[in-house]
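Chains here go by letter, A, B, C and D, matching the order in which they are written, and residues are numbered from 1 within each.
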C-alpha cells in the first residue's frame, strides 16, 4: 500500500505541477507541451491505479487517455498553432505573477476544503481528490487569464484532466463516468476544431476579443 | 415493458435517420411524426417505467410527458418554419438540424428517466453539445459567438457537474459500497442518512454549479440569452425548456440527499442566493432588451431562479410549488416561443435578428389572433391572474412566509420588478402605431399556442387530482 | 304641549324678525359708517327701498348665460335663509334647535357661497370668474378656521349644536378665558371675510378689479339681484346672530318661558346695535387689504382657532 | 349571515372558498349599481371589463387568502389591460403599484396577527386605494381607460382595496390592535385629503380632477377608519361608532357619485373630443341633461348640504372633534390639525366642484367642439340617471342608511355605540321650502314677472366681433386662471413651482433613479466578456468553497 500511495501521490503531484506551470507560460506551444506531459502522467496514473485496484476499466481509461489526450489532441493543437501562425506569445489578462499567486491560493483552498471533509475516506482518495480539485480550479483560472481561444481550450482540457484524475481515484466507480469523459473529450475536440476553423473564417484571429460583438451593442 | 428505454432510444434512432436523408421539408414532417410517436411513448412510460439504469419515477415520467408534448408542438410549428426558411441553409445542414432536434429531446428524456447519476450527467452533456451545434447552425458571426459562449460556459459547467457526481459517489461509499448501487437515485435517497455528510456538501456545491449552469442560474447564466437569440428558433428556444427542467430536477434530487443527511450543511442558503440573484439580475436586465428572444431568455433565467428559490425554501409545499411552477412555465414558455416565431414570420423570415421589439411592434394590425395570443403568453409570464403561474407563485410566496419570512421581501420585490418590466413591453407590442400593412392569416399552428395557454390555466386552477397527488407525493419524497 | 306652542311661536317670531329686520341692520350699519366718516348717510330704510325697486324692475338675462342663470341666486338665498332660521337670535330652545348643528350651518354658508360663485361664472366674462376664484380662495381658509373653532366650542360646551353651545355658555360658568378670546378674534376675522366687509372686501366698492363679492353678481339685475342682495343682508344678520349667541349669550330668553322673551328681545337688539357700531367703526378705521393678503389674515385666524383649542386643554389641566 | 361556499377550482387540492357576511354584502352592494351603470355606459361588450368585475367580486367574497389575492390581482391585471388600451404611458406605473400592493398583501395574510401584518396590509391596500403617499399613480391611471372603466376603478376598485383594509384591520387583526394603527391611518388619510383636494383644484383635465377627488375621498374614508380604529383600541364606543358610520357612509356615497361623474366625463369626451376644462365651457346649453346630472354629482363631490356627500362629512367632523376631546396634548394638537385639514380639504373640494361645473358647463364655449356638443346618448343617460336616483336616499334619509349599516358596524366594532345623527336634511328641505314660498309670495305680490335676454353687460366692454360667435374665449376665466390664486398661495408651498406631486418628487423619482442605476449595473454584468463571465462563476465558486471550508472547519 505504501508504494501505491507514494507513486500515485507523485504522479498526482506532477500533474498538479504541470497545471500550475501552464499558468506561467506565455507561448501556446509550451502550454501544449505541458498539457501533453500532464496527459501522459495521467495515463500512467490510470494504469497504476488499475494495477493497484485490479480494475480492468482503469486500464481502458489509461489507454484512452494516452491515445486521445496525450497523442491525438496535442498533435491537433500543434497543427492549429502552426496553421494559424500563433507561435508568438499570447496576451494575458492578468500579470503572470498575480496569476501564479492566485493559483497558489486556489491550491490552498482546495486543500482546505477537501482535507477536512474526506476524513473518513481512504487516504489515497483523499490526496487524489485535493490534487484533482486543484487541477480543476487551475484549469478554470487558466481559461480566465488568457485572451486566446486556443489557450482557453487548453485550460478546459487541463480541467478535464483533473476530472479524470479524480475519477480514477474513485474506488470501483462504474465505467459510465470514464466513458463519458472520453466522449466529452472526443466531442469537444470535434466541436472545437470546427469552431476554430469557423472563428478563423469570420474573425481572422483567434483572439476572442473579436468574439465580444453582441455585448458591445447592448441588444 | 420498458417504455422508458424505448422513449429514449426512439429520438436517437430518429436522429440518425433524419441526419442522413431527406429534403428539409420531408425532414420536418418526419421529425413531427417521430415526435408524435414519442409523445405516445412518454405517456406510456407511466405504465412501463422500466428498471435498472433507466427507471422512470413518477416525477420523471411527468416531466417526460411534458417534454414529449413540447417536442410535439414544436415539431408541428417547425414544419411551417422550415418551409418558409428552407433556402437559408443547405440541405445538409437542415438534416443536422433535425437530428439535433431529436438528440435534444432524447437527451432530455434520458436525463429524466435515468436512475443513475452518471447517465444523468451524460444526458446533460449530450444535450449541451447538441445545443451548441444548434446555436451555431446559421454560422453567422453572432451565432458563432453565442455558440462559443455556450460551449465554454456549458463545458465548464459539465465538468464541475462531473466532479460533483464523482464526489457524490464517493460520499455514498460508506453506505452503499462500490458499484452501480452508489449511483442510483433510488438507492442514494434511501441511504442518504448514512452517507458522508461533509463530502456530500462539497459534492452538492459542484453539482449546483454544474447543473446550475444548465438551469441558467445567475451567475452561471451567461450563455442563455445569446443562445436563445441566435439559434434556429424552434430548436434553441422551444426545446431548451425541457433541458432546463432536467437540470433543475437534478438539483432538486441532490438537494434532497443533503436534507436527508444529518451531518451535511443545509442547501437552502446556496439555492436561495442563486435564485434571488437570478431574479434580480433578470429584473434589471429586462428593460434594455431590444431582441424579444433575448428578453425571454432573461425571463427563463428569472423563472428558473424562482424554482431554485422554492427548492431552497424547502418543505413539501414549497417544493410542490416549485415543481408546479416548472411544469407551468415550461408549457407557457414553449407556447410563447411558438407564438413568437409565428409573429416574426408575419413580418418576414423568422430568422435570428427578426425578433427585435421594434420589428414586432404594433402586431395587432398584422394579425390580431397572433398578437393577442403572444400578448397573453407574455402576460401570463408575470404571474398575475388569470395566468396559471399565479398559483405556483402564490404557493411559493406563502410557503416562504411561513418558513423563512424575511426571504419573502426580496422575493416579492424581485417578482414585482420582473412583472413590471415584462408588462411594459406588451403595450407597444400590441398597440403601437405601425406602418400600414395588410392583415395576414394567423397560420395553422396558433391553436397549439392556445392549447398551451389553456393547459397552463387548467393545470393551475383546476389541477387534476392525479397530478396533485403525483406532485405532492414527489414533493414529500424530495422535501 | 304648552312648551311646544311657545317654542313654535318663538321660532316663528325669530324667523319673522330676522327676515323683516335684516335690511334694517344693513341700513343701520350704513348709517353708522356714514356718521363715522362725518357724512349724513342714507336713510335707515334705504335697503328696503332698494329691494322694492329691484323687485319692480325687469330682470335681464345675458345671452351667453345658460338656463341655470336664475337658479343660482335662488339657491344662495335659500341656503342663507335656512341658516338664518337655524341660528338663534333672542332666544334659545327654538324648534329648529335640533337641526341647527354648527357643521350644518357651515355647510349652508358654503352652499350659498358656491351658488354665488357659480352665478359669477355663469355669463363667462372675466370679472365673474375672477371674483369666483377669489371667493374660492377665501373660502378655503375660512372653512378650516371655522372647523377648528368649533373644536374649542365643542370642548367647552360638550355639544356641537349652536343652540346647545349658547345654552352651555349662558348657564355654565365658563368665565372669560384666553382661549375664548382667541376664538373670538378668529371668528371675527372669518365673519368679516364671509360677509364681504372691509378689510377683505368692500361692500360699497365698485372698482371691478378689486371686487370679490360684487364682481360675481355683476350681471344680475332686477329680482335676481334683489334676491342676492337680500341674501347678503341675511348673511350679515346671521353672522351677527352667531357671534352674539356664542360670545354674548347672557340674557338670552328661553323659548318655553314667555316672560323671558321681552328681556331677550331687548338685549338682542342691544347686542346687534353694539356689534353694528363696532363693525362700522372697525370698517372706517381700516383700509381694504390686497387680495393675496387675505389668506394670510385667515391663516392667522386658523392658527388662533387651533391655539384656542390647545389653550383650552392647558387651562383644563391647570384647573384640574 | 355567515355563508361559505367552497369551489373545486383554484389552489391545487384546496380550491377556493367564498364567504358572505355583512361587510362583504355592503361592499357588493356598493359595487353593484356602478357595475350596472358602467355596463350601460358602453362596457358590456368588453370581456376584460367583466374579468375586472369578476376580480372585484371575488376579492369581496373571498373566504380564504388565495381567493382574496386571486381576485385582487385579477382586478389589478384586468384594469391594467384596460388602462393600457386607453393610454400606455401610465400603465406601467399602474402595474407596478398594483403588483406592489399584491406583494405587500400576500405576506400580510400569512403573517401571524401582529403590527407588521397591519403595516403590510395598510401599505398594500393603501397603495391600491391611492392613499398618500402612494397615491401619485391614481391621477394618472384612472383617467386613462374608457369612462365606464374609470368609473368602476374610482368607485369600485379603491373600495375593494379599502374593504381589504377594513376586513383585516378591524376583523382579522383585531386581537393585536394598537391605537397607533388608527393614528397612522388618520395621518395618511389627512395627507390624501389635502393633496387630493388641492390637486383637484389645480388640474385641468376633467377626468384627472375627478381622479384627484377620488384621492381626497379615499383620504376621508381612511380618516374615518383610522379614527374608528383608534377609538376601538382605546375603548371609546361612541367615537368608534361615529367614525365607522362616517367612513362607511362616505364609501357608499362615493361609490354612487364618482361613477356618475366619470361616466359624465366620458360623455363630455364623446361629445366634444376633449376633457380639458380649458377647451370646454357652456356645455349646459347643448347638454342640459348631462349638465344637470353632473351638477348633482359635483354637489356630492363638494359635500354640500342636502347632497349625499354631506352626511358623511358631517359625521366625520364630529368624529374628529370627538377624538380631539380624548387623549393628551399631542393628540389634541394633532386632531385639531386634522380638523383644519378636513376643513381646508372640504373647501378645496368645493372649489374644485365649482370650477368643474362653472368652467365646464357654464359660461361661454371655449371651442367650437364645446359649442356644438350634443346631449347624452341613451346608455350613459340611463346609467347616470340610475346612479343619480340612487343618490337620493343617501342624500335625504341618511339616518335610514345608517340603520342599514348597523350590522356592518356591529361586525367591525361590536361595542360601538354611535349617537343619533343630528343632521336632518328633510327639516332643512322643509325650511328651504318655506323660504321659497315666502320669496315666491313676495315676488308675485310686489314683483315684476318675466325675463329679457340681452347682451351681457360685462362691465361695459363692447360686444365681440361677428366672427367670434361666442366672443373671444380668452376673455373668460380659464381653468388654469381660476386655480391661479389657490396655486399661488397653497400650490407652490405644497407642490413646489413645478407642481409635481410631492409623492412623485420624493418617492417615485429617487426610486426611478435607483432603478436606472441598477439597470446600468445589470447591463455592465451582461456586457461581460466570456472571460469575465467565467471569472464570475469562478469567483462565486471559490467564495462558496471558502464558505464551506470555513463553515466546516468552524
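We adopt the following convention: contacts are C-beta pairs under 8 Å (C-beta built on N, C-alpha and C of every residue); 3 or more make two chains touch, one makes a residue touch a chain.
What you are looking at is a predicted structure, and each value in this text was computed from that prediction instead of being measured.
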Distance-maximising chain from chain B - centres being C-alpha averages: C
Chain occupying the middle, per Cα centroid: D
Whole-Å gap separating chain A and chain D, where each centre is the average of the chain's CA atoms: 67
Distance between the centres, which are taken as Cα means, of chain C and chain B, whole angstrom: 77
Centre-of-Cα separation between chain B and chain A, whole angstrom: 30
Averaged-CA centre spacing for the pair chain C and chain A, given as whole angstrom: 97
Shared interface positions of chain A, touching two or more other chains: 113, 116-117, 140, 143, 152, 208, 211-212, 218
Where chain B touches two or more other chains, by residue: 148-149, 152, 156, 160, 198, 201-202, 288
Where chain D touches two or more other chains at once, by residue number: 523, 526, 528, 530, 534, 537, 541, 545, 548, 552
Those chain pairs that satisfy the touch definition: A-B, A-D, B-D, C-D
Chain B residues within the chain A interface of the complex: 116, 118-119, 121-122, 125, 129, 132-133, 136, 139, 141-142, 144-149, 151-152, 155-156, 158-160, 162-163, 165-167, 169-170, 173-174, 177-180, 183, 196, 198-199, 201-202, 226, 229, 288-291, 294
Of all residues in chain A, those that touch chain D in their complex: 93, 106, 109-110, 112-113, 116-117, 137, 140-141, 143-144, 147, 152, 208-209, 211-212, 215-216, 218
Partner chain D, residues of chain B touching it in the complex: 148-149, 152-153, 156, 160, 198, 201-202, 205, 209, 213, 219-220, 222, 225, 265, 270, 281, 284-285, 287-288, 320, 324, 379, 382, 384-386, 390-391, 394-395, 397-398, 401-402, 405, 408-409, 412-413, 415-417, 419-420, 423-424, 426-428, 431, 460-463, 467-468, 471-472
Interfacial residue positions of chain D with respect to chain C in the complex: 201, 281-282, 284-285, 288, 291, 295, 302-306, 310, 313-314, 317-318, 321, 324-325, 329, 332-333, 335-337, 339-344, 346-348, 350-351, 353-355, 357-359, 361-364, 422-424, 427-428, 431-432, 435-436, 438-439, 442-443, 446-448, 450-459, 461, 470-471, 475-477, 481-486, 488-490
Of all residues in chain A, those that touch chain B in their complex: 113-114, 116-121, 125, 129, 132-133, 136, 140, 143, 149, 152, 156, 159-160, 162-163, 166-167, 170-174, 176-177, 180-181, 183-184, 187-188, 191-192, 195, 198-199, 202-203, 208, 211-214, 218-219
